[in-house]
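In the two complexes below, subunit A is the common chain; its partner is subunit B in one and subunit C in the other.
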Partner chain A sequence: MAAHRCSNCAALLILCSLSVFIVVDSQETTLNGGHHATTVHNPQTTTGTAEQTAEPAVEERRWEATAVEEATPDDDDDAAASDKQDTSAPETVDPSSVPQPKDDFQEELVIRPLHSGDIYASFQFRTVWETDFMRGNKVSHYRLFPKSLGQVISKFSVRELHISFTQGYWRTMQWGQPFQPSPPGAELWVWFQDSVTDVDGTWKELTNVLSGIFCASLNFIDSTNTVQPSASFKPLGIGNETDHRFLRYATLPREIVCTENLTPWKKLLPCGSKAGLAVLLKSEKLFHSSFHSQAVHIRPVCQDWQCKTTSWELRQTLNVVFDLHNSAQGKREWSLFKMFSRTLTEACPLASSSKIYIDITDNPQGEQFEVSPATPLLSQAVVLGDRRTFSVYDLTQQITFGTVRSLNLLIRWKSSEGDMLRPLLHAERYVAGYGLQTGEIHTLMYNNHPYRSFPVLLLDSVPWYLRLYIHTLTVTSKGKDNKPSYIHYQPSKDRLRPHLLEMLVQLPPNSVTEVTVQFERALLKWTEYTPDPNHGFYVGSSVISSLVPSIVAMDTNSTRERPLFSSFFPCKEESSYFVRVYTEPLLVNLPTPDFSMPYNVICLTCTVVAVGYGSLYNLLTRSFQIEEPSPGLAKRIANIIRKMRGVPPL
Partner chain B sequence: CLSERRRGQLAALSIAAVVIIVGVPLWWRTTETYRAWLPVNQINELANLQLQLSADVEVVFARGTVTPEQQKKVPTQVVISLCLFCSSPLEADLSLHTLSESPCGSLVVYVIPESSTLLPEDVDVYIGQRRTALLRIGAQMRVGRTLEQLLAHLEPRIKQVLQVMSFSHTDITAALSDRVRLSPGNKESIADSMRAFKSSPGYEITFSLLNPDPKSHRVHWDIEGAVQTYIQPLLTKLAPLANFSIDSQTLYYAMLGVNPRYDSSRSAYTLNSDSLAHVINPVEARLGSNAASSNPVLNFLLYVPDAHHSPLHIHDHKKQEVLSNAFHSPRWGGIMVYNVNGFYGPEAVFPVDININMAKVMGVFLAQLRLLLGVQSSAPPPGFLVAPCSSTGLADWELDRLMWSRTVENVATATTTITSLAQLLDQIGNIVINDNIAQQVSSAVTSLQLAVAELEAGNLGFALQYSKEAILASERAFFDPSLLHLLYFPDDQKFAIYIPLFLPMCVPILLSLLKIVSEARQKRRERQAKKD
Partner chain C sequence: MILSTTLEFCIFIYLLIFSFSYFTLHSCCLLYLCFDNAGQFFSSGHTNNWAVLVCTSRFWFNYRHVANTLSVYRSVKRLGIPDSHIVLMLADDMACNHRNPKPATVFSHKNMELNVYGDDVEVDYRGYEVTVENFLRVLTGRLPPSTPRSKRLLSDDRSNILIYLTGHGGNGFLKFQDSEEISNVELADAFEQMWQKRRYNELLFIIDTCQGASMYERFYSPNLMALASSQVGEDSLSHQPDLAIGVHLMDRYTFYLLEFLEDIHPASKTNMNDLFKVCPKSQCVSTPGHRTDLFLRDPGSVLITDFFGSVRKVEITMETINLTDPIKQKPKQKDWHPPDGFILGLWTLILLVFFKLYGMKHLKHIF
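Let's turn to the complex of A and B:
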């Protein structure tokens, strides 16, 4: 527009390029501090040295009020102004115009009284967010989903991430199956997206970042304890990519779990530990228990039945078993306050559902234990191949808290009789043999089903310093050889990768299947030993994954509204359900040298060298002469006598 | 017998010689730490570096400002059209910009005749949005007969323009202040120099909405749209300077670290300026660091006070309410308190849905962002008129200013990093210097030298690029973990281990050497006695 009017020509002379120099001399600018006192000293302050007065002045400066002139840059003509007009309309709005949030948060606590008198509490917090981390989308605006984990997913192109920290061992035979199984120590398995080219490098970086987020020693995960299972760990979320090049699995059986891991875990919750069920998570009680396990599971899930839209699910679970004798002083009476030293007063206001379930399946008429306050709400759910009945307390209803505005659930046993349903599948493992050279790993898998046999997948990851003799591998059940239908074995490489053994074994009904394999203990280099080598070296748990035949029909609709504890493992068919069982980790002694050995060796070698050198030196430098032997005593006496007689000596 | 002795002596001597000539150097070489060659001389040269900045200034005279005889002396004559009928300087600036695209770091000064009505009466210099300035030639400037005189008259003015649009001495000293101890100026300038973030190849900008009371307030903010509208244009403009990444989060139950005091005269809660320093401590634990990068994070917090502590106002040192209700902390970020109690309505049903007016919030955050990034608008000298901000929020010359100071800062940072690394390596002989470290150091030194040369030549863009490379390489060398490996293996331990070997070997050698010497001395004495 301006150019049209500018038809008149004006002669402009481009004259010259002026260069202006400013020379900054770094030598000159370092002034001695002597002037400091005089220039900074404030005449108003009469006491104190110049330094003292200057410091608070600067400190005060740290916080400055922001002065903003009303003419913010958007006051110009273009689109910004019109946009401003829109947004600066009414600030309170009627709820109908509020955009439907794309994320949703649920919390849930399941309490299962165990037959032993112990009590099992399982927390689940689920955040579902309709967003797309895949395909290079830059996701950066977080509401309920924690930002730190979201950044991890998008930076490392993670498709699925499962991490668990466990203290103690889950006793399947006493306690039944847990809702979320986990091995002692730390376990991490990650599926990467197929766009990742350098999976190992990404995995290394990811473990370091996670180790920072969860304050755990996950940075000790390296190639010597990472495996790529071919069949045992399938993605739990959607997606049919099952190329195990993009899977990494590692365990740290030695990891100790404590408060420092719980605090960052709680920080990931939208309500923190300020409201809702999370107020119960106090570390002084949680870690005073027989079993404690906390986990984070991230996976993409379907939003609806047709799976048109996908969303990301973050599940934070925490399982804890309180001991009858330790926490309840042997009295068969439990309450929320006794377990967690807190009671509940409100649900998390951000949660769309907040519920407590108490498993009363074994107590239909209330003859085993009584629960107070009583609730009219009952719910049935099919979980782990069994139809269970639960009393439900809905924390979003004010009536749940009663007149005292606080909920303290009380479970009081009436009789200690009753028998637990034996779990259909369980496993144990031990090391046999004597001496420090060889040994044998025994893994026992129990099928307690009276008439059905079913296949199980056994995964063993053994560190390289136990050299497995794979030819000694035997699988026997009921005294007969049981040939595995699938074996995937990857031998170890010293200091590079562990052994990986995966087998598909058919377990006959009502039987024990024993897998044995012999090994040789390797000698480590002296810097490879842990600071307490005589404690022994841990070998991670074996993982047994199986589809166990179910007594009742399982629910295969993954998108239907269900309690969280029954919707973790996806269910493909009605007749069976998925179970994962972890065995005990092993503690193996390796031949341990005396650690002053290097210095001793140096000293010994030096001494040997010095002795050899000394004699050689003597031989070379000393001169040897033949000396007349001195006359004997008799001869000397004879000579003295001869001298006295004046006779020449002999 | 004598020859036998002689042979023994020779053997002892030759063993001593072998030990000294072969053994000791061999032992020394096999136990010494690997230290790659470093360009020590060049690093020492960098240590007393003289920075010379030069900016190209092009002065264009409009018709009527030069006499014909002056015009003859000009080597080149270019005829270009100038918008003579433009009504406002803004239009003139825009049309002049279309005439010539000046590279970054350079300036074009258009000298217009005194009689021009382009500028208002009392304005002599108009600074445009791009890299142009209009300079009205004063009456006294016509006295000069020759071109040189005319230029000499113009020079102080052009210098002023340059100081506003490119760099001034205070800018440069502020950029250097972190690295080089300067004479302490007034407190104001110290605070100014401490406010902006240090130069870095990238920044993470995090907007956090703090809602301490989700039971009463359901707060909604359209952060995505606001970022697109208000922040992104500025960051696009700043893209040559650094990489920016933006994210946002909502934190519930995030409390401030201070209990606000109730002021009954205003019936409002107040936060005093001296308590501000304690406000963010508990919040900061929940902000979380960026898991995915190690760049500095700029935090912008929007705090919606809970229903029981509303309204909340911030008071400054003079106990006056701060109008924007926001404050910022140098090199950390800013907080704005957003009171919502006015929107409860007559009979409020909690929770109340609240939509945040993002224009108001982003105005404050944008101002804080400009401060924290070091875009300072110092007051122009009298007679200067600065064009209003464009929609991007940043004029070209402001970007240039920032680039000048950032380049100088980068050069200073990289220089101190490299020199202190060299000093450290020089002082502690145990540190292993691997080849990759030596390579990083050399590349940092080369980039530094290039950056300094480009600064001297006035190529601002290249200078910034090289200075960034220098910083990256120098930091990578400085923080390389391999430098720490043998740091704690002192020499005395090394000697202690070898003593069992050295002692039995050296004692016979020394003894026989002593014996040889004493025998030689005795022989000489005997010979003297014989002579006597």
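Let's turn to the complex of A and C:
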């Protein structure tokens, strides 16, 4: 018996150890496999945050034709993934003809003194690149065009992209019309290519990628603040697309603009902030202003009159209005150093043109203000329906910098007469009513032309928590009802979609048109309130787009060499120019619950219950006993010994 | 005599063979832990540095918390960690706040001596995005797929991570934006998740809030070192106010931490023991605390630049080295469990010995 048992357990023993060996071995291999899974992501590129370093000097403008290995379309993972080191479609220069530069960079600064004593400076940086992002092969050799934006265009099949970040509100009546209008906060509108199948999904991913590039919280753009305008936002570049299914528009009126948005914006420029006009962009001065707006506009443009070749244009614009009292200490004397705390020493070496324009239209004989250093170059341009005269400083010429090798423009006022040409189109908006239940939105549109009337397109996008009563919509001009010729209204869906109201209204000459609509405020769920709900909730600006009659004939040839500020909006006819006016955003209070209420109620209830019930319970159940006073130490030890002995204590 | 039965003898041999085989297969890990050479094993551990800097307070009067975070950001950037490896979360905007008399600046010293906001700053999470959920998602890496790279913590098992939190806190919690809290248990669990997913090599956790030491009480993952500005029951106090700006500019602990870090340069050899001495009770009024029991290396051998900077030793060599054999990566830091079946065999042996001693007749009560 024992021998049997022995042999049995010996066999069992060997079997067990063998099986355990196998188990242990497999454990080890899975361990190694697990380690391989946690490989590091390729740390090579940092396309999430645009970190473009300035390209080296311009003497290498020729291209090296790279050998085309395989023209396979890559399966891309992410726009922000590392770039593949393989094929770049050959950007070969045609050897038989004179090699033209395939990409071009221009920079300019326009300084316009305003009648209120403030000064308006508008920077524009334009990169034009003749390439095709929509091809199967990925473009991988970037030079002047920033790679992060190029990858965004190709990955999300973007046809046009316009994004702006603005701090402050543009006061049209005091400052005139801006060169590039923008609403307070962040605004993003995109036209997608018609090859995109899921526009909403692509839009969501695009906003997330842009929020990483520009360090802004654009990921808050979702279906509750995105609309598809049907008429107000036509493409600014070439294209016959009028299917507004591929257009998305969203604003974030609460978005703050600060240095963290300017930093990545500056890094998109070919020269960064190291050379050229971009050295003037110092955040401490730019944000200490009445108005600051930076924008990026990407669109395809024609290269020649027949539009045989198209190229991609990237415009980065920065508009800033410096206040007389904040920045100039009340003295009406402006200089580059006073505005930007820097002077210019050179143009960007990669720029084909680098110019400063100073608007001297109101100063033909130099009696209002004087500009120094004087320049012989003058230029005239038709912009915003008016012919303006500019003094031009060409930074690519060494003579501009003079003997001191730095340029500090000085504008000194001698007299302060004259007034401004009144802008033809102007708008305001406000909320009327009282209480937290209902209210009324009033939009006023002013037509200041003495005898011409023109139509305007009004776009209103109101969040779902302000429930508009569209049956109360009224449009009145000069006291009489003014029926719009086109209304496109899309009602809101709670927590899904905002209201969209687009109307084409004819504004009679020299009049005020008022659009009113009543609304009711909704009660949000307690988790939907922001951490500071008593601040209020923002309603984005209304957009008023119009073709305003122009005093001067506008130039419709878009391919002629023109200053950048006059070629921003495409001009289709000679007698009118395109104007977009943004109203103020509204700040409405929604009925806000008292978030400290549950805590207070619990404290109060528990206190009352404890004091009231506790006292009653004690009264009913407390009984009193007589207790001997505790004896001294010696007596206590004696008692312990007596207890151990089994003798009653003292 | 105890092992007289053949059955018991067999089981004993079985256990011996088992232990031996286990030892030979997993000798390295066991050896290190048993011989306590873990310090050497981790001495040249990290290859990259990350930083997660969070300010959790909103509203203008919490200017000092944003200034705290930005001063650590500034030091970390100066010592070499690039923006792509820093996740900066600021719950409110102070620099371009309309109440700021000097826009686009955040000062740490009164009389506006030092602008910690600077000209080259990239804030990854701002405003309403700074929530407990986003913070935990950043730490554990469980972010939605469309999150851009600049908002992710892409660390691996060779990363040293610096985590800095500041705001208003209490015993066991930290308040986010006056509307939600993160507890010390959640934080400890998040670090454990990071450990299990091998998302860090070593982690330094600094917190500057009231009763900050309560936040690191619950940590249980290895390789964590923690510093706090005050003990449980104490408040962290702020440094001086600036009369032009109208608010307190910095908290005391971070103020002296910034002063300490301003003396550090990328090649300095200061170690963690000096960091523990920052802001004694005389300067800070509260008692700063630290915790190093989970950390495997001796704090005296840990350089400040291991966490605050991004420095690696580079040795230039002129000789060629042939890499013919693949380097087998040894599994690291595995908790030692006894081999499978070992416990079962051990208990069987114990039971048999027991019944041998006290009589086999008890055995039939079991079977």
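Keep in mind that, in the parts below, the second predicted complex is superposed on the first by the 493 of 650 C-alpha atoms of A that agree within 3 Å, B and C clash if a C-alpha of one lies under 4 Å from a C-alpha of the other, contacts with A are read in each partner's own complex, and residues count from 1 in each chain.
Just so it is clear, a contact is a pair of C-beta atoms (placed from the backbone, for glycine too) under 8 Å apart; a residue touches a chain by one contact, two chains touch by 3 or more.
Note that the structure is a prediction, hence the values are computed from the model and not measured.
Of the two partner chains, subunit B is the only one that A:Thr621 touches; subunit C does not reach it.
In the superposition on chain A, no contact is made by A:Gln329 with either subunit B or subunit C. When the two complexes are overlaid, the chain among subunit B and subunit C that reaches more residues of subunit A is B. Judged by the touch definition given at the top, the superposed model places A:Ile256 against subunit C, while subunit B stays out of reach. Once the two complexes are laid over each other on the shared chain, residue contacts for A:Val209 go to subunit B and to subunit C alike. When both complexes are overlaid on chain A, the residue A:Lys274 reaches subunit B alone and has no touch with subunit C.
By the touch criterion stated above, A:Asp532 is placed in contact with subunit C alone, subunit B being left untouched. Subunit A residues in contact with subunit B (one complex) as well as with subunit C (other complex) are 2, 5-6, 9-10, 12-13, 16-17, 20-21, 23-25, 31, 35, 39-40, 80, 209, 212-213. Within the complex, the subunit A residues that touch subunit B are 2-3, 5-27, 29-31, 35-36, 39-40, 54, 57-68, 71-74, 76-80, 83-84, 87-88, 90-95, 98-99, 140-144, 146-148, 151-152, 154-155, 209, 212-213, 267, 270-272, 274-275, 346, 349-350, 599, 602-603, 605-607, 609-611, 613-614, 617-618, 620-625. The part of subunit C that touches subunit A in the complex is made up of residues 6-7, 10-11, 13-14, 17-18, 21-22, 25-26, 48, 58-59, 82-84, 93, 95-96, 102-105, 117-129, 146-152, 154, 156-158, 177-179, 197-198, 329, 331, 334, 339-341.
Chain contact summary for the complex, subunit A toward subunit C: residues 2, 5-6, 9-10, 12-13, 16-17, 20-21, 23-25, 28, 31-32, 35, 38-41, 43, 46-49, 51, 80, 167, 204-205, 208-209, 211-213, 215-217, 219-220, 254, 256-260, 263-264, 282-284, 286-288, 530-532, 595.
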